[in-house]
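So, here's a batch of structures to check.
One chain, chain A, appears in both complexes that follow, with chain B as partner in the first and chain C in the second.
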Partner chain A sequence: MQREALKPLTGRTVFTVSSPPHWHCGATIPGMMLDILLALCPAVVMAAAVFGMDAVRVMALSCATAVVVEAACCKAMKRPVSVDDYSALVTGLLFAFLLPAEAPWWLVMAGSAISIALGKMVFGGLGGHPFCPPLVGWAVCRISWKSSMDIDMSLLNADLFYPLTQLKHLGLEAISRFSYADLLLGKQLGGLGAAQTGALLLGGIYLLLRRRIRPDIPLAFLAGTFLLSLAYALSDPSFYAPPLFHLMTGSVVLGAFFLATDCSSSPMGHVPMILFGLLGGALTVIIRVYGDYPDGVPFAIMLANLATPLLDRIRPRPFGGAGRGGRAHA
Partner chain B sequence: MSTLWKEFSKGLWNELPPFRLVLGLCPTLAVTKTANNGLGMGLAVIFVLTLSNMLISMVRKIIPAKVRIACFIVIAASLVVAVELLMQAYAYPLYQQLGIFVPLIVVNCIILGRAEAFASRNPVLPSIADGLGMGVGYTASLTFLGALRELFGYGTVFGAPVMWGSFKPFSFMIEAPGAFVCLGVLLAGMNFFSAWQARRKGGPDAVPAVSDCGSCGMCDMARKRG
Partner chain C sequence: MPKPSLALSSVGPDVVRETPVREVHLPLDGRLPQAACGDKVLKGQRIAESLAPFSSGEGDLHAPFSGEILAVSSEHVAILAGGSGETVPPAALSTSSGEALAAALKRLGVASAALRPAQTLVVGGLEPEPGVGVAAKLLGARRETLEAGLELAVRVIGPEKRRLVLPHGSKAGLPGCEPVFAAPVYPNGLGPMAIRAATGLENPADAVFLAVHELFALGRVAESGLPLAETAISAGEELFCVPLGTPAGELVKAAGLKAADGDRVVLGGPMRGRALYGLAQGVGPGDYALTVIPRGSFPRMTDSPCLNCGECVMVCPARILPGMISRCAEFKLFERTVEYHIDACMDCGLCGFVCVGRRPVLQYIRLAKKELADQRNAACETSEEEASSCSGKR
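Moving on to the complex of A and B:
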């Protein structure tokens, strides 16, 4: 907050001038980002445990690139360098979470740089981006270098399987090998962090308890995924996967708690947030069932992000404002 | 002669059609997957634009104001059909690449824009110069954008490989979103350049002339009617 003290000639402060808000709860951007990083820690540890040093390499490279690119963008745009608020670190880490552990170094660096430059800094930095930045990087990489982003192809020598491609190409019998406990503990292929369902859930609950995110979007997102996949499963249980399977695979948990809740690309207000979450969750299932992509979460969240300005029009009526029927000034 | 040069050269930078006037964006985004496509499309537009400007300028005194748009479209459409037939005859592979966007030159904003804003109120020679300049500017822009996208998307320029051996094509650039991103970055770059130029001249930061009055005759028309 900006405070200016008017000092008379005697040197004693007599009158302090500051712009509102005058009351501040003490929450800061670095504080929030550090909390998110802390919430991501269990998933980082699990990713390192399951995928080994490859995962560590991808995460470190992505974070470092994100920070350097943000600093370079700030310099080029002649703005105060804002990397000390850790938001670039969070973006880099989240982008790494979406990648397969064997991703080549140039892919990691290019995607991370695109996430920051094209996803965030082009729109004026933190708070201005209409899409969740890591998803922009992911989408560009996915369109450009399909084979390097393909989770099955990149981890051919692993003895784990990617549940969603198994479901898509081999049908329902193929996924019977996954027990829910395995899926929860991250014994599945996927984005290197996105597959750590249990650890991410832990982090998400931590963020909820710390009140860094409001429960509306994550719960609505999970509910949307659950309800629509339940509807499909009920319509033909022998063909569609059970709803819990959908919740625990791909990047649904990562998306619900960490990507969809991105502050500037998600709506405010309870009703818009719930609609936003439901939309994202439902689109995820629709893309998984009908689409070409095994995991629909990134594109579903980006599409829901597009609806954010529209959803933000649902807002409380100002006190003393016009009635429901007409406009005050029209 | 100097006025002719003025009319010709304004299309090359100050009123560069896709990047300054931001007109004719549909083909600009759609056909510039490669430099060749951009060049071919640009040449077709030069042909149509120059001739339509010339014809419209010739008959401008006898076109009734109320049906002028219809007349412009008839002239442009006849020329586009000619271009289409010529391309089918002499450049069939290019015609197949450009597809629907050749017939769509009829409704290209630049053709109608120049007819309305310039050719319908100026003598023949300046109109030809204007059409030629705009067309050349359009061609240069499309070729540049196409070369840029081809360079990153395929690693080639005009079909010749220029990137290093292990280069992985950045396919994003040849998809539709890549076209929008490329255009946005180019526009930003041009605005930055203009602002920098204005600063160097010592003046205040010029407002980027994205929509100049030159492209649209609406104020003039409104004044006449009013």
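Moving on to the complex of A and C:
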């Protein structure tokens, strides 16, 4: 709401004076973050339905920790507390989505705090971070507490399987138990939210329709995953999994629509965005095929994040040629 | 409020309304006043002299009617109508051409960077900004004036080719001008975009751009032989032809608009206009619109850091990085903005329009441009002292 202007005693009308443009498209940071939260809601519901109160516990704890840590960081940095833009909530929820539902409380809190503090606030807050913040928390936890982050831990509590470790350790026959419909409906193990492929797809489409994200990165990411896994599958269909299996497992859909599209760590411009998406998607498949990690998405996106400054250098010529700036620095 | 449309369209019939006023407040904008409080002036008498170079597009200022000077401040000259309908003797414009004519026009109050010899003259028939209806109405209702203005402009510019940029489907036309059609979407009505639509080239040296409302000003001078006394200005859904210095409040009233506490009263369009601090402020030459924006229509501007989302980069017609330039300007790294091609910026304001962080992106860019110009001037003055010659332009 606008603050009341001080009224002069003369009763003269007081106008708002500000710089152009006087119109605005209406999009704000809190608005954008609320829309992202709304887009994540179906996956939240599905996660609660599939994994029960365990998942709710992890999501709530992660979100609360993220908000508290961001407020504390702002205080420590002597800056206005910025949690009212809901971006910490988004980061906390996305981090929770990557965890197994059985994650212990200390892991959730540590990872969520690291996502905010190390992933975002040390770089100056929203807009400055070179990596997608939840992935920083995930990477630290995955490397530090490998067994607690193991998705297969959930095997004890659920009668579901993690398709990617099944594929990695037991081979192609093991994944025949998963139908595409089951994968879409989240009847698979994985990160508690990341496994809700269909719900996330719905949320992603909502963000596209609301124009909160541009289609370049998500579609290129999905295309990169699809095309490279198709190439592997064609080269040896008896050894490599079909491309649709790769698209619907692990965190590919979460990564494509919610992690890779992070404003600050992704490039700008159509060509850089498409290359960024293709790179992330292709790296996902490469890590899955050759790497030690069953789900390559988090590291693939972080590696693509590293390429962002390079990709951002791909720029069209400015209007009317390089002009004075170009000559001055030739 | 839903997202405002950037379509360029004129609503309402092609009618130009006149609004008589008794008192005008002529904005000086840095011109040197040449009249004192209490002076009696004739219509067309020079009130203030422009000190800016010709390329700035600023001309001298004249009394729009005979009367008495009420007040002279550093900001404005107020004139109350009175006395006879006598005017200064009309200038003879029919004999001169080229630079002599351009100089004479500057003294008559119509100056433009476009009034220089060039191969192609591009007339902008698209509305300059969304929510503004000036071009179509002038083309529809004041064709004779526009033709007189075109004839004068042609004598200065001497173009081999004349183009008129029009919205798709428009049937308007001007003599000797080949119509070129462009999508009526902002910023296609701005000079650089219209020149590209007409010639296929970006910032060619041998093409100049005159918007229809500028032609109208030229036409008024050509018809009367008197200095520029009025401007065509769109307010609400109507187009007015008002004496220079007409207080914004009179236009707000005439157009049936309402301006209450906290609203913005903008001289110019919603994308590039200047917000006024009071309804007594008068319109100046070149002002083509008056826009009232109710309070609370849009999210408030903030000093949020740049999100790096790239929306400004995607919409920028100059294909530069407005967000990056705004960040440089924010931390006073003005020289660095040159590396980011700030010179290509055409001042459209789309970057600020789409900014999710609601940063004043255009204001930062304008600040950087101003600082760079000041630096260039200072450097120019230093070299002038050393070599007692100055090749740079302001």
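Quick note on the criterion: the second predicted complex is superposed on the first by the 298 of 330 C-alpha atoms of A that agree within 3 Å, B and C clash if a C-alpha of one lies under 4 Å from a C-alpha of the other, contacts with A are read in each partner's own complex, and residues count from 1 in each chain.
By definition in this document, contacts are C-beta pairs under 8 Å (C-beta built on N, C-alpha and C of every residue); 3 or more make two chains touch, one makes a residue touch a chain.
Note that the structure is a prediction, hence the values are computed from the model and not measured.
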Task: Quick one: classify A:I143 as touching chain B (first), chain C (second), both or neither.
output: first
Message: Once chain A of both complexes is superposed, is A:S176 in touch with chain B (first), chain C (second), both, or neither?
response: neither
Message: Under the stated touch criterion, which partner chain does A:W106 make contact with: chain B (first), chain C (second), both, or neither?
response: first
Query: For A:S238, is the partner it touches chain B (first), chain C (second), both, or none of the two (neither)?
result: neither
Message: Quick check on the superposed pair: does A:L118 touch chain B, chain C, both, or neither? Answer first, second, both or neither.
response: first
Query: Of chain B and chain C, which one touches more residues of chain A?
result: C
- request: Look at A:G320 in the shared chain and tell me whether it touches chain B only, chain C only, both, or neither; answer first, second, both or neither.
  value: second
Field: Intersection of the chain A residues that touch chain B with those that touch chain C
entry: none
Touch list for chain C against partner chain A, complex: 1-4, 130-131, 192, 202-203, 259-266, 268, 270-279, 291, 293, 295-296, 298-301, 304-311, 313-314, 317-321, 338-344, 346, 349-350, 352-358, 360, 362-363, 366
Task: Would you pull the chain A residues touching chain B in the complex into a rising list?
output: 106, 118, 140, 143-146, 148
Field: Partner chain A, residues of chain B touching it in the complex
entry: 168-173, 175, 177, 181
Task: Write out the stretch or stretches of chain A touching chain C in their complex.
output: 1-2, 5, 7, 12-29, 32, 124-128, 214, 263-264, 266-270, 273, 315-326, 328-329
